[in-house]
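Presented sequentially are two complexes of subunit A, the first with subunit B as partner and the second with subunit C.
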Partner chain A sequence: MKGQAPSCTVHTPASLVGALEILFAEKGTWRPLAGGTDLMVPFAAGTLPFTRFLNLWGLDELRGIEISPENISLGALTTYADVRSHSLLRAEFPNLVQSARVTGAMAIQNRGTLAGNIANGSPAADTPPSLLAYGAEVQLQSLAGSRWVPYESFHTDYKQTVMLPEELITRIRLPRTTGDTFHFFRKVGTRKAQAISKVCLAAYARAEEGRVAEFRLGMGSVAPVPLRALTTEMLIQGQRLEALDDHSIAEAKQALLEDIRPIDDIRSTASYRRKVSANVLGQLLEAMIERFKRPQIRA
Partner chain B sequence: MNPSLHIGHSRIRKEGRAKVTGAAQYTDDVCMSGMLYGATVRSRVARGILKGIEFGEGIPWDEFIIVTAKDVTGDLYVALIEQDQPFLALDRINHPEEPVVLLAHEDRYLLEKARAAVRLIIEPLPPLFDLEESLACREVIWGSDNSFKDILIEQGDVDSVWGAATHIVQGEYKTGAQEQLYIEPNGAIAVAKAEEGVTVWGSLQCPYYVHKALKHLFNLPDEKVRVIQMETGGGFGGKEDYPSLIAGHAALLSLKSGGRPVKIVYDREEDMVATTKRHPSRTRIRSAFDAEGQLLALDIDFALDGGAYLTLTPVVLSRGAIHAGGPYRCPNTRIRARAVATNTPPHGAFRGFGAPQSLFAIERHMNVAAAEMGMDPIALRKQNLLKMGDSTATGQIIKEAIDLPGLLDRALEKLDYTAKQESCRVHNASSSPIKRGVGFASFMHGCGFTGAGESYLASVAGVEGREDGKIHVLAAATEMGQGANTILSQVVAEVLKVPLEYVEVARPDTALVPDSGPTVASRTTMVVGKLVQEAAIGLRQILLQAGFLSEPYAGEAFSNAVKQYLAKNGHLKAYSQYSTPPQIVWDDQNYKGDAYTTFAWACYATEVAVDTRTFEVQVEDFVALQEVGRVLNPTLAEGQIEGGVAQGIGYGLSEQVVWNEGRMANGQMTNYIMATSMDLPRIRVYFEESPYPLGPGGAKGIGELPMDGSAPALLNAIQDALATVTPREIPLTPERLMELVESSNG
Partner chain C sequence: MAEKMKLSLNVNGQARTLDVWPMARLLDVIREDLHLTGTKEGCGEGECGACSVILDGKLVNSCLIPAVQAEGGELCTIEGVASEEQLHLVQESFLHCGGAQCGICTPGMVMAAVDLLHRCPQPDEAQIRDGLAGNLCRCTGYVKIVDSVADAAERALQVAKESRS
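Our next item is the complex of A and B:
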């Protein structure tokens, strides 16, 4: 353990406002600490560049899952374990549940939070592809007020986000999924548990009147940021279902290579990530075509 | 029906309760008063000349104990086989984790800051990382030609065969480094005082190796060095030679501090990056067969990357070379085995000790050869498997009534190999992206030390009667999770016909137990077990002859006899020393004769599913069938086999050490992909028991065997699944498999 615990200060604010006041007054000097599961890794390795932590764990304002007819809104401190056990999420957002299930070990899932997973900004995080596929929005709050940001524009570069130093993520909102829907999630990490993604894909599609009315594809570990594969999405979205065939799958696989920018690193190679991204996209589209052959509309 | 009292019964692990309740004391659980923490400053440069050491600003250096090579008054080099590895680099840097400066302080946080503040001035020299480049002497980095050891095993006349052979099949096979990944990292605590000597407590496999290293380092007589094994959380060979270094480091710091206890415990990354791993290997095989598939000649070139220092490499090479011909009869064999230096941390012992590397090559090669000759790999093996009266590559005549074709048949039957292969064919003809296949490997593992090793060791073990009427086993054999405590207790309790609770294993402490040799080489049960068995017979004889005991007796009568004998005589001990069985002859100069007193034999068979979209391999079924003499404790034995297979699956498929300038770049458990329970199939373990007359209760060694056969069986199954690819290198990661598939697609 190379982390310098005695040099660290952990401040626990009594309220959300208290936390925002500190962030505003001492801008850029406090690192928000939620579950701590991402921070502890570089801390133990002695490479964490922060020493002052704002402990958000006790802020119950940032907890709770709220359901409205249009949205499901998840408090920033919603843990992976919370996600896994929530019945509406399991019914309407199975990709998110799946991605929570394959993140870390159970102990990590009990501590790690959704907001932490995105604020950390890792391109290899497992919930971002699902959040992108579901068209999530992120609420950022500061003393000056709050704003909703589409999650697809949240990450600006490797470990960079649109968050201002005085802001905190307070909620994550997903539009309810209804109608004739298709969900797909696959993480490729070589082992089935406790792996970091080499490639991660999540897709959400909805069929209506014989067409693909909605299609969103979120990807992880294939670029400096988690990203939506927009070129690929455009090829599929709006297509008539009966027009989707092997040729459209081949075109989509080709298009995906335009969307992603994978690299070689200690976990895998760029060429593997390209090949497997395309192959898994093929698997996804075949499954989608099969699924939409017969409408299934949830009551 | 089992007429034995303990042998063959699944007794509960002796130290299990203490481990489960947390009462067991591991090295890092111990805190002594006035204790300092020690840390190691490492070179970070693969090869160079140390020009200077700078101690940076902002650290109260006068509060620190600082040790460099210049503080060493005894022998700077670790006493093992060859004295080439310094405890601390003097001027030459030979790998990027070379220890250069030792620091100690009571504040472990300040210690970390100080470690980061030491700057080493190193003038770099061109490093060598590649095995072939080292063989070719592109740079000379060790000795006159980089060679740690060169072995030639010859039988018959290989070169006379090629012209007449119907088939000649050649192949090259590679294996990667592998990290032991025991659950408890390496660590030691030392107290060293000029007048009193040195005492070390540590997580270690071989107390007497550490004892020898410390004697030389401090120039002390036997009795002034004491090494005590703490509870040890796994070893797998990774705590065979490296603990000598850590113990030496802690003791050097302690001595300079005036005798304060110094603790050095590595964190996971330091342990993974700096300590030993399995030797990477490259094997070239040229083989000749007649029209029926009879093996006529094997010409094998086996090479190991030894890392920067010699450490145990010659012995690893030796075992690898002897196993390189596999369990086959071949009248003409030449095995050239070489181990050379590279500028990576020294590679060392790891379960299997050279055999997994060379057996991987021969067991893949047999399938490659079968495919090239259009033969069934089962039929090909059955033609050539050793039987009683045949001789191995070293000319060792097999004297046991072994039935290897039968072993193979029964393993395949357990897997339902033929039916599975047929259903795989049908499945693979469909459009499914999942391709299935079956594979197997036949192999053996020599039990105990190679060649004359056991004679040189001349191990001693004993038993001692205690005042409470119990018996203590006196041996340097260490418990590290494999079950040695329980097995040795079972053997002694069986001889003495007493309940298992009457027997305890004394903590391995060089002040109290004799040198029964290192806990390695699948030798503890077979060799040390036999010694304690004989010692126990001796102790019982003493009690019988002294009249304190008469047969038949009950457990309580025995315990009373021990108490009465002690009351009269003061002490009750019996020892036994190893002597080589008379029919065993080994010629170390020419590598001829009986390389091992016996072998354990096995056939492992597996079914895999390959996802051709992600190139991931799922092991669907695994049968591990072996003949290991008599099984002393079925639960422990099955656990050994399951664990070894799991380690073998990782070795074959995913455990890749990523090297960057001679340094492991993925020294974290998140990035070094060891299989978890979710990745493993149900491992079905079967034993065929054929009591070995020279082993205690009929036992042979089993510890390393399961490491040998899993990887080739898996790759054979992957070839069966994909047909168009011929994998020859492990770990066969998804990335490597993708490249193979893509190149076979043109």
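Our next item is the complex of A and C:
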């Protein structure tokens, strides 16, 4: 028997309101538990500083993928496997599908949840770069009500978020992607499967009337938090497609080094991460330029 | 000290009720309470897949599931894969193709292969590798394991053809 199971209490609420009530009444003492794929590792190692767990896995209110003309909204307990198999996500948000495919393998993907992936706050998680590239928003709910937070301001520092102790993530929504779009996702790890990222990068771009009308670049494992490379984005967004050349790629690679703040750790070094981030950005921009030479508008 | 819970679940086709700690790992419940020791512990942190079982029709790492989340569930372990009379096709193929060597990863590999062939009865090599990506083996170099799964898929097709004719 591993972990401190005999000293742990689990409460399984019958409804979302039931969960929010206990979080409000006994603030900060209950650790939400969804699919367990992150939480059970430090738990078994005996390093998790919690003994009371709020078991959310059975709350079907937090499941389901809803589609409107403007958004796709994913329940907090949407698993990586749910993401992988969803036809609209595959068509409109291929980066998110890719990031779900490279998070662990099938057994992890069947249990791990999108909300867990972001609430856990790891800068090395693989869905955050895609969520950043797609301009995701996160719904936080407490007994007092709910609020939508832009995902780019969700993480405040290493493993710190804007969530209050009495709040739960209930949904994550992404604006639908339409028009002449480009999607790019790359995870750089030690192995193809079951690796944790050294660098992870996701980009979304849309061309309109000969310009890059939208360009968002999400990065993982290069700073204390998953982040958008805003300086780099500003160099590319609004550019005329025909003006994008080797010089603009070199400038963007230089700008990226100002956006990221990588460190040396057990998985990689800061200098490797800087070099790889810039090189992958170069590949991304070359692919984007090539892709936008001929408009492709999804019906 | 917290309280134990009554955990009711179906294990390999049989209804069972156990007294367990709610945060006990399903892996420990399987090995220590149910005495089903075919399921192995490798890394204990979701990297190696040795503890793979099928819970409610989905492949999972039993080291990452607290017992409380198996309440009311349907659990299939390696002991539930073969029938009394006959090995599962996947098990036969692992024997036939040399997919099992030291044996530590084999129960998890078989569970992942059974799950894959259920979702995707005729996988290509990339699909086999994706289906087994969460299961580490230090003996075989994976080639014989991939061959075993391909062999099982092919024989399943033969069996289906024979039963039609």
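To be clear about the criterion, the second predicted complex is superposed on the first by the 297 of 299 C-alpha atoms of A that agree within 3 Å, B and C clash if a C-alpha of one lies under 4 Å from a C-alpha of the other, contacts with A are read in each partner's own complex, and residues count from 1 in each chain.
FYI, a contact is a pair of C-beta atoms (placed from the backbone, for glycine too) under 8 Å apart; a residue touches a chain by one contact, two chains touch by 3 or more.
None of the values given here were measured: they were computed from a predicted structure.
If you stack the two complexes on chain A, which partner ends up touching A:I266: first (subunit B), second (subunit C), both, or neither?
A:I266: touches subunit B, not subunit C.
I'd like to know which partner A:G18 touches here: subunit B for first, subunit C for second, both or neither.
Neither: A:G18 stays clear of subunit B and subunit C.
Considering only the touch criterion stated at the top, classify A:A44 as touching first (subunit B), second (subunit C), both, or neither.
A:A44 contacts both subunit B and subunit C.
Which of the two partners, first being subunit B and second being subunit C, lies in contact with A:P224: first, second, both, or neither?
So A:P224 meets neither subunit B nor subunit C here.
Now for A:A5: first (subunit B), second (subunit C), both, or neither, which partner does it touch?
Both: A:A5 reaches subunit B and subunit C.
A:N279 in the overlay: touching subunit B, subunit C, both, or neither? Say first, second, both or neither.
first
If you stack the two complexes on chain A, which partner ends up touching A:A193: first (subunit B), second (subunit C), both, or neither?
After superposing on A, A:A193 lies in contact with both subunit B and subunit C.
Looking at A:P175, would you say it contacts subunit B, subunit C, both, or neither? Reply first, second, both or neither.
The answer is neither, since A:P175 touches no partner chain.
Which subunit A residues come up in both lists, the one for subunit B and the one for subunit C?
In subunit A, residues 1-2, 4-7, 41, 44-45, 192-194 are touched by subunit B and also by subunit C.
Quick check: in the complex, which residue numbers of subunit C touch subunit A?
1-3, 5, 21-25, 28, 32, 44-47, 49, 52, 58-61, 63-66, 68-69, 71, 112, 115-116, 129-136
Inside the complex, what are the residues of subunit A that reach subunit B?
Subunit A reaches subunit B through residues 1-2, 4-7, 41, 44-46, 188, 190-196, 198-199, 266-269, 271-272, 275-276, 279-280, 282-283.
Taking the touch rule as given, give the residues of subunit B at its contact with subunit A in the complex, in rising order.
Residues 109, 112-113, 116, 267, 269, 433, 612-616, 654, 658, 665-666, 669-671, 673-676, 678-679, 733-735, 738, 742 of subunit B touch subunit A in their complex.
Using the touch definition from the top, list the residues of subunit A that touch subunit C in their complex.
Of all residues in subunit A, those touching subunit C are 1-10, 12, 33, 36-37, 40-41, 43-45, 51, 53, 55, 57, 81, 101, 104-108, 110-111, 192-194.
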